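In what follows, a structure is listed as structure tokens, so that the remarks can point back to it.
Going by the order they are written in, the chains are A, B and C; count residues from 1 in each one.
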Amino acid sequence: MATFVPATERRTKSPHLPFGDRRDAPFYGMDILSVLQFRREDLDYIFGVAREMRSMVDRIGTFDLLKGKILANLFYEPSTRTSSSFLAAMERLGGSVIPINEVTYSSVAKGESLPDTVRTLQTYADVIVLRHPEVGSAKLAAQYTTKPIINAGDGTGEHPTQALLDLFTIQEELGRVDGLTVTMLGDLKYGRTVHSLSRLLSLFDVRINYVSPEILNMPPELLAELNRQGMAQRELTTLSPVLPETDVLYVTRVQKERFDDLGQYESVKNAYVITPETLEDAKEQMIIMHPFPRVGEISMEVDDDPRAAYFRQMESGLYVRMALLAMVLGKA
Amino acid sequence: MATFVPATERRTKSPHLPFGDRRDAPFYGMDILSVLQFRREDLDYIFGVAREMRSMVDRIGTFDLLKGKILANLFYEPSTRTSSSFLAAMERLGGSVIPINEVTYSSVAKGESLPDTVRTLQTYADVIVLRHPEVGSAKLAAQYTTKPIINAGDGTGEHPTQALLDLFTIQEELGRVDGLTVTMLGDLKYGRTVHSLSRLLSLFDVRINYVSPEILNMPPELLAELNRQGMAQRELTTLSPVLPETDVLYVTRVQKERFDDLGQYESVKNAYVITPETLEDAKEQMIIMHPFPRVGEISMEVDDDPRAAYFRQMESGLYVRMALLAMVLGKA
Amino acid sequence: MATFVPATERRTKSPHLPFGDRRDAPFYGMDILSVLQFRREDLDYIFGVAREMRSMVDRIGTFDLLKGKILANLFYEPSTRTSSSFLAAMERLGGSVIPINEVTYSSVAKGESLPDTVRTLQTYADVIVLRHPEVGSAKLAAQYTTKPIINAGDGTGEHPTQALLDLFTIQEELGRVDGLTVTMLGDLKYGRTVHSLSRLLSLFDVRINYVSPEILNMPPELLAELNRQGMAQRELTTLSPVLPETDVLYVTRVQKERFDDLGQYESVKNAYVITPETLEDAKEQMIIMHPFPRVGEISMEVDDDPRAAYFRQMESGLYVRMALLAMVLGKA
């Protein structure tokens, strides 16, 4: 986690690729484990491929770039959205999927270790997407398989494909990332989404406002990490002081279960709900994002506001995941 | 529900279709929500396409009419039969499927609303099949998505594709619908299948006998609705008086759980079980149907009787669903 | 079970095949229910096709031999490994899959009989793979459908595709089966895997050692059956006397739950765990196999030993299942 190694120097899994082709397929055989593995030029490359994917989907819907390739979609935790997104990405590229969602009852439930499970799956599949409740599980899995692992969330650890699609959405909606003010709202303590995104944003010239109830503040060690990289950061408990300057309002869910004192929950929850009234003080050219699912944090009346970018954000997820699958399989 | 608008005048979801192509793809972009949306000429059209599908499956098994299209198969309630039928229909047409069966634990379980879920899925898929326990859910979903919704059962509401395949089976087995006597047997109160089918039959010159224990009678308001359309209807508690005149015997399950008084259940249950003896009084050219699963309502000895049409009825489901998918996607 | 009928004489399900093509597709339309249906020449044929499959996968990954064919993967018990293996096999052959894993809640849960379920699925699919907890279920299913049934495990009964892949692994790893000494270790009473494999081995000139705690001995009636066929068999409670002569060490899991007396379990469990130290007395050219999942029976330090064949064994499963699917569908 500490040492930063550029993606282009860490290509270790290239079981079938002739050496001379490397330059043409810069992410071939790579694991996608953490946002920390990307440099700005890596992001430019990924987003360029994602734009091509969007253009192909717009024109012809589905195409056979990954025909004959098989994805094992291994979800130890349920996540309809993320698993469907990878499944659709693989299908739009003409590939096939082995969906493994019911790991709660299965050989895994019989006590099989993650290393054994991924070594089994690598005999069937060409790439493995892994969602697992434990921090570090994706890295562990990657050590035991010769096929690329894509981390689709490892506990409170990382969710790099979500952070990539978030950043891609910002870039596409506002045309740039440098110079923006990003305000993150809600549960900033447990949300791996905001942690991964803030790390990615630290590669850019960006200011971040963190707005949350005190018990759900950003982890101090993450603030320190970002501070060392020169990120301009500010912590608040209310949105109104920073909304007028905000270019990107990133909303997350404040979960009742996080509060010991339900009275405290009741007193703060409405402060973190976005309504058309909230947005009266916002810029005309800003965007509202949310990793979804939402349960009331943004009222449905906001959906028709052109600044509501969260459904377009989901769509971006499809293109970014298509790009990543094609790249690690050496086809982009 | 009251206002009847012909299908051909309600084409609102045509995001990609050039206007001039309308006549060639009459159901393009349409939702399939209720049997009430069909006129007789619509049924003729659907059944014509279904016959072509059967002919193609007979000759070559699978073909690439929907290659590149993705179906989201969204089942909030388990239904192996219906979900498998749509899945097979899409695969026989060369398309792909995102199966979402485990909605009990997923973002839906986390409290996500149906509108949010379908707006998510529309970013991945080209058409959405929805099974949901609440009446009106398919209509609600359709209001929030630009992709066609096919209602695969909304609580005690509608199950239009089942009714269409039932009617198609009658047409194909007996060569006509006009002039037939249809006898519906069993639980006529809660069975959405018989409700949807009787509504479809009201477009034809048909007589219906309803045979059920009194506590499972057809809903009076539905009887009234059909009566206003001139349908000849008769209610009975035993089958024998009407069996000799019956062309179509439509059997449904009488569920123990519907009875408060188990003694009452025991006293009536055998009156609604079909055996080879029952059929001694039946016509030679009649058919027996059942929406399945069955649990004893038709004894297995009846299966080899050529009048037992229920397995052929299932097969018809495949062709009708293939037809509907191809039609709403503008390919038939 | 008693009468042995060569596979080539029992071809009864050939609904579409012209009679004259029989010789070209010797397993077309056949059910794969039991290892007892195979003669040595059948095994040679299957393994020859499996080798072709491996060669094709090595060269091009996936190919369209079964394009347009649909497999119904019907699992009444969870088994991620076996169901994923069949799914991958079908996808690598260009076919489609209807996965049915959640039978605990579904029409099956509503009480539908296995015959009704398979007669439903045969209207959608071209071949059915069945895992079911009851002995004899695969045979029952086969009697009710015109489509080939492949038994993927019926309770404590048979698991023929596992036995075939086990035998194929032995053949490929050691170059022959005749003349080998096979030692089976662990739970030999309940393990259908070792039962099926020992029956297949009885077609060869092989010696078998059974090493197990007494309460988990091989069933006496199976020992007698194999004895009548001239198999050289020996029962032991410890591995060390026979390890030096062993060519194939087949390890299975000793489950705590099998013991009434946990003290007894604790006293024996370590005697059946394979470590690098255990293998000091083993041949250099022997192999270690395991049907997986493992939970401690083989320590992970053994994994890098070239004699550890269990991951290659899994991969063999893919090729054998591809071969069987292609064969029963008349394409090999």
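Criterion: a residue touches a chain if its C-beta (ideal position, glycine included) is under 8 Å from a C-beta of that chain, and two chains touch if they have at least 3 such contacts.
This is a predicted model, so every value here is computed, not measured.
At the interface between subunit A and subunit B, two copies of one sequence, fewer than half of the residue numbers in use appear on both sides, so the contact is built from largely different positions. To fit its Cα atoms onto subunit C, subunit B must turn through 120 degrees, a value rounded to the nearest 5. Subunit A and subunit B have Cα centroids lying 40 Å from one another. In subunit C, the residues that touch at least two other chains are 99, 102.
Taken together, the subunit C residues at the contact with subunit B in this complex read 67-70, 72, 96, 98-100, 102-103, 105-113, 115-117, 119-121, 123-126.
Within the complex formed with subunit C, the residues of subunit B that make contact are 60-63, 78-81, 84-85, 87-88, 91-92, 99, 101-102, 292-295, 300, 311, 314-315, 317-318.
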